[in-house]
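Here's a structure for you.
Which chain is which? They are A, B, C and D, in the order written, and residues in each are numbered from 1.
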Amino acid sequence: MMENAQIKPAEGLDLYERMLRIRLLSEHILEVYRDDVMETPVHLTLGQEAVAVGVCAHLRDEDVLSLGHRTHAGALAKGLPLKSLLAELYGRSTGCSGSYGGSMHVYDPEHGIHGSSAIVGGNIALGVGAALSFKLQSKEGVAVSMFGDGACDAGVFWESMNYAALAGLPVLFLLEDNQLSNVMPKSKHLYPDPRAIAANFMPTYFADGTDAISVFLSAKEAISEIRRTGRPAFLHCPTKRWMKHQGVEEEDLPFIHIDREKDCPIQKLESFLLGARMATPGELKQVRAHLEEELEAAIHYARQSPYPPVQALEV
Amino acid sequence: MPWSRFEKQWSIQEEGRILSYKDALREAIDQAMCLDPKVFAIGLDADDCYGVYGSMLNLSHPERVLGTPISENAMTGVALGAALTGMRPIHIHMRVDFLPVAMDQITNYVSKWKAMFGGKPKVPLVIRAVVGRGWGCGAQHSQTLHGMFAHLPGLSVVTPATPRDAKGLLLQAIALDEPVLFLEHRWLYKNEGAVPEEMYTIPLGKGQYLRRGDSLTIVAPSLAAIHSLQACEEHDLDVDLIDPRTIKPLDRELILDSVRRTGRLLVVDYDSPVCGFASEVLALVAEEAPEALLAGAQKMTFPDVPMPASGVLERRYYPDPDRIAAKAKAMISRVKGEGALV
Amino acid sequence: MPWSRFEKQWSIQEEGRILSYKDALREAIDQAMCLDPKVFAIGLDADDCYGVYGSMLNLSHPERVLGTPISENAMTGVALGAALTGMRPIHIHMRVDFLPVAMDQITNYVSKWKAMFGGKPKVPLVIRAVVGRGWGCGAQHSQTLHGMFAHLPGLSVVTPATPRDAKGLLLQAIALDEPVLFLEHRWLYKNEGAVPEEMYTIPLGKGQYLRRGDSLTIVAPSLAAIHSLQACEEHDLDVDLIDPRTIKPLDRELILDSVRRTGRLLVVDYDSPVCGFASEVLALVAEEAPEALLAGAQKMTFPDVPMPASGVLERRYYPDPDRIAAKAKAMISRVKGEGALV
Amino acid sequence: MMENAQIKPAEGLDLYERMLRIRLLSEHILEVYRDDVMETPVHLTLGQEAVAVGVCAHLRDEDVLSLGHRTHAGALAKGLPLKSLLAELYGRSTGCSGSYGGSMHVYDPEHGIHGSSAIVGGNIALGVGAALSFKLQSKEGVAVSMFGDGACDAGVFWESMNYAALAGLPVLFLLEDNQLSNVMPKSKHLYPDPRAIAANFMPTYFADGTDAISVFLSAKEAISEIRRTGRPAFLHCPTKRWMKHQGVEEEDLPFIHIDREKDCPIQKLESFLLGARMATPGELKQVRAHLEEELEAAIHYARQSPYPPVQALEV
């Protein structure tokens, strides 16, 4: 945990709000998923909220976030409205992708989300393409390609870093490293240290991916460096996945130890904010209350929304 | 994802030892591994506790099941390299949607290797991949693509519909010295049927009748074959139902014989319509037996759009037994009632 | 490699400004770049001194032509990412054989992106690739593959045969907010024909007659269209020759109209036969106008094997005007002489 | 140039013979190619002979060599008979690939050549697969994946190194680095130093790719390490391409300086052998005379051989 001088109270509260929003969504999914009201495979982000939130705190709406299959945290952190995401999960035509995408495919160009992909790895290149777009248009933006340790196995990871470095593009390679590809530990699927590799292409940064402040501070450095130089950077955030790769069950894997109190990014941030007197318990409660209301409204919105018309598929 | 909802929808009522499609696959792999130490399996998550939807669990030689990184392209090259140097790999993919990642190897290497060197190399490589419709997976996790693969010279494309065929065709694929793409539909995994215990092979390029009738020929592979059979049984349709079993090579004679007799053809193909298997069958008949087509030929496929995620759309996207039956009835009655369409 | 031997085999005798196919492509790109600063070109060796067989040389905006590493897969993703965020990329490949390397992006990303997000995204991405038969290049450097790509929902496949179409279709492809695969046959590059100087577009899905006649319909895209036209001219054949110009979308009505009139169909397609364009056209007619097929329908394609390297085999592998003419004559005379094949 | 103690005269002469055979083939191609008697695109190996020869000197017939599009040097160095290769170039059915392959596709499993590929990069994985085969069969062999600097751009390079390292496979990654991909200099297509990257996966070695002795000695170390450990290694050999990427023309690229005397691997080896008194001028002449005879015979063989029957393509 870094010194509090580096983060302002408003920033801390903002991180808290964004993380908690994601957490509440996960909890809602846990609650209803077994009733089959959400017909879409979910990759929950429980325990991993800090990574997306700590990074997105430094992004503007125009900045681009390119996501893979595990979308919820990144999408909400970047600004995709909760109700749009919920409606998508409920398969309604008001969903962010008109119900054509489901959990793995979110879309909100107004907030810099130009789609996400469930084929591991390829979305990294899309982020690089967005960065190329900024450069060609002499725009100021930054693109973030967010991916897991498993995606580092894929050749497209290598190719994307090489091109971003050659072309000099403003893109952050954000490795959300939960040390798992499905049930495979990282040691079994990725031989080298990805950060050491990345260092051959660009400056690299590190943060504790279960600690929003740590991510916030490293991301701040990395992103301001990108904005300054127009060149790529790499941010490595080890974190922990609490649930099965997909679905709503917990999973105990022998090689991953999880302490759901100590490892919880939200509890960590709470103690930090309270300890540093950057927020009072009352303020935090208020945030939660406000988010719970927002969630209720979003659920209502989603459930009231119509299903898409099947005529769309008639030839 | 409640697979239980649609798994084991339908089973063949047969004499003999009853096995699920999944266990038939498992048995084929196990027996092949026991018979020949050169047979091994390799694939992303092939060695994990879920064992590719159960099809790889409790094998006699777990040491010959190798996991891989998420590197489908290189791993296809690795499997090919092993096949060329004395091994008989089975390369496994949990979803057919991951095969495009390996498409350079499949298109430019695997399927060309034998011909490119004058027919000399042996390429005993099986690529297994699961077609995985379901539960709002969306466009990238619900593809079939057998039409795309069948376009490639040098690659056989096998699509077993029944447990018996799953075992016999997989053993045949493993036994061959040529590359075979083996596509299993996830919805067939729990279906049951009689499967001989001993090892046996079913030749590629030999289709089979799943039902006999005179008014219409239905050609349907994989899950579409089972759905068509359900349609025929539940609606008591007078249909000659052909499961080609292998998309490529195709049992042309079987199809032509039937169509010449029934004079009407419906191809039910759970894949995209353009340049796919359904068109291939219609083209075959157009070329070889146009006179048999006067009473009508139709395709029933996915619409020509990517699969949407929402359940209501997903269910509409895939044909099903009732819609197959309705289409078949319309074709039969139209013909019977109004004469040929000339 | 003496390209000169087979380049500029044939040119259209027309009024107007005469331009080569290659220069027509170049002009389209140049005009598009001048019109819209968002248009840029990217591709392996696209920016080198050879300029993609000359089609990228002397552009007004060389700064908008970007070279790339040998990373076709990621670069397709990069191009898509740029297309989604306001640019209009033209991604260029010197050979269509390199596209399978990018097949994950083409199959799972580019062609699905629009539908996967409810039709909302604009995807103004053109993928240009050159079909490169010739000179013993062998199996990995002589593929066509348009049948494979046409199978994918969400992707248009464009195959101009003439200089005029090359320019008009390329401008149309660049103007569209949907992904287009633009396949140019290397043997067409030096062919010449009249090409308007101003910008113009030709809509996708609109074929054209290259010749009118009554005894046989030939449908042939790309180089096969030109070879078919040569066949008809040199042998004075009574043929309705249709160049579909785009494989997908397909001008179904144009083909059906003609076949209904001539009653006979030959599809000449320089691609593999199975699940390809030739089968697609036959299937279309089988479905929509079977009565018109009684006099015969045939495909003329590559044999269903990979391209061999040796010149003697390579020349046999590709159909040519003489063999097309022979086939067409046989079909016409058979019909005329012996009546329908019933 | 290393000390001569490390290489025996017979080994030196063997290197010389193999390099000269390759060189004479190139010269023959230069002589006849414009007459269109070889209908196949050729990627000459003029100036690059030392790499394949220095490595293959340590390989047995059973060891595998996986080649890309630039096949001639590797194929001959590994033992593919000259007449088989020539017949293939002349498009005859007696060619090593029955005339179905052409220059880019050579096949000679008896000498560990199980095919080669013209799609850049993929052959790297095939070599790894051959190494897997050795391991699974508990055989002693070594596989060599030979590739250029351009192939390092491709994701399959990365994926192959990762799998070879994870699985522990006896494969040599042999980078024949002519610093060019077609006319693109390495600086334009490959950002990092590939050897530095490889070092994250396996031990790396270096040799002067225009110097057969240098390659011989480094390859000896690398390959004996692979045989000892059963694990992968990487050998980086910078070299120079004398001709156009493809075809029989020379090309002057501003960023590559070539001195065809000083950079010539054959002249280098000649001076070394003579200087170290490991061979006499007469011996070298004899080698050349013998090779010229061999070439004449091979040309005769190829030209007398039949073309393949076109009936093979009838359906």
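The rule is short, and it goes like this: a residue touches a chain if its C-beta (ideal position, glycine included) is under 8 Å from a C-beta of that chain, and two chains touch if they have at least 3 such contacts.
From a predicted model like this one, the values you see are computed outputs, not experimental measurements.
For chain A, the chain whose average C-alpha position is most distant is D. For this pair, chain B with chain D, the centres built from the Cα atoms lie 42 Å apart.
Rounded to whole angstrom units, the spacing between the C-alpha centres of chain A and chain B is 37.
Chain D has its Cα centroid 47 Å from the Cα centroid of chain A. Centre-to-centre separation of chain B and chain C, using mean CA positions: 30 Å.
Looking at chain A, one finds that residues 93, 95, 97, 99-101, 105, 117, 119, 153-156, 159, 162, 166, 188-190 touch two or more other chains. Along chain B, residues 68-69, 71, 73-74, 97, 100-101, 104, 108, 115-116, 138-140, 303-305, 308 each make contact with two or more other chains. Chain contacts in this assembly form a complete graph, since each chain touches every other chain. Residue ranges of chain A in contact with chain B, taken from their complex: 36, 38-41, 91-93, 95, 97, 99-105, 117-121, 150-151, 153-155, 181-184, 188-190, 246-247, 307-308, 310, 312-315. Touching chain C in their complex are the following residues of chain B: 97, 100-101, 103-104, 106-108, 111-112, 115-116, 138-140, 143, 145, 147-148, 150-154, 248, 250, 272, 274-287, 290-291, 293-294, 296-299, 302-306, 308, 341-342.
By the touch rule above, chain D contacts chain B in their complex via residues 64, 66, 93, 95, 97-101, 105, 107, 109, 114-115, 117, 119, 122-134, 136-137, 143, 155-156, 159-160, 162-163, 166-167.
Those residues of chain D whose C-beta lies close enough to touch chain A in the complex are 153-159, 161-162, 165-166, 188-193, 196-197, 200-201. Residues 1-2, 45, 48-50, 67-71, 73-74, 97-98, 100-101, 135-141, 303-305, 308-314, 316-317 of chain B touch chain A in their complex.
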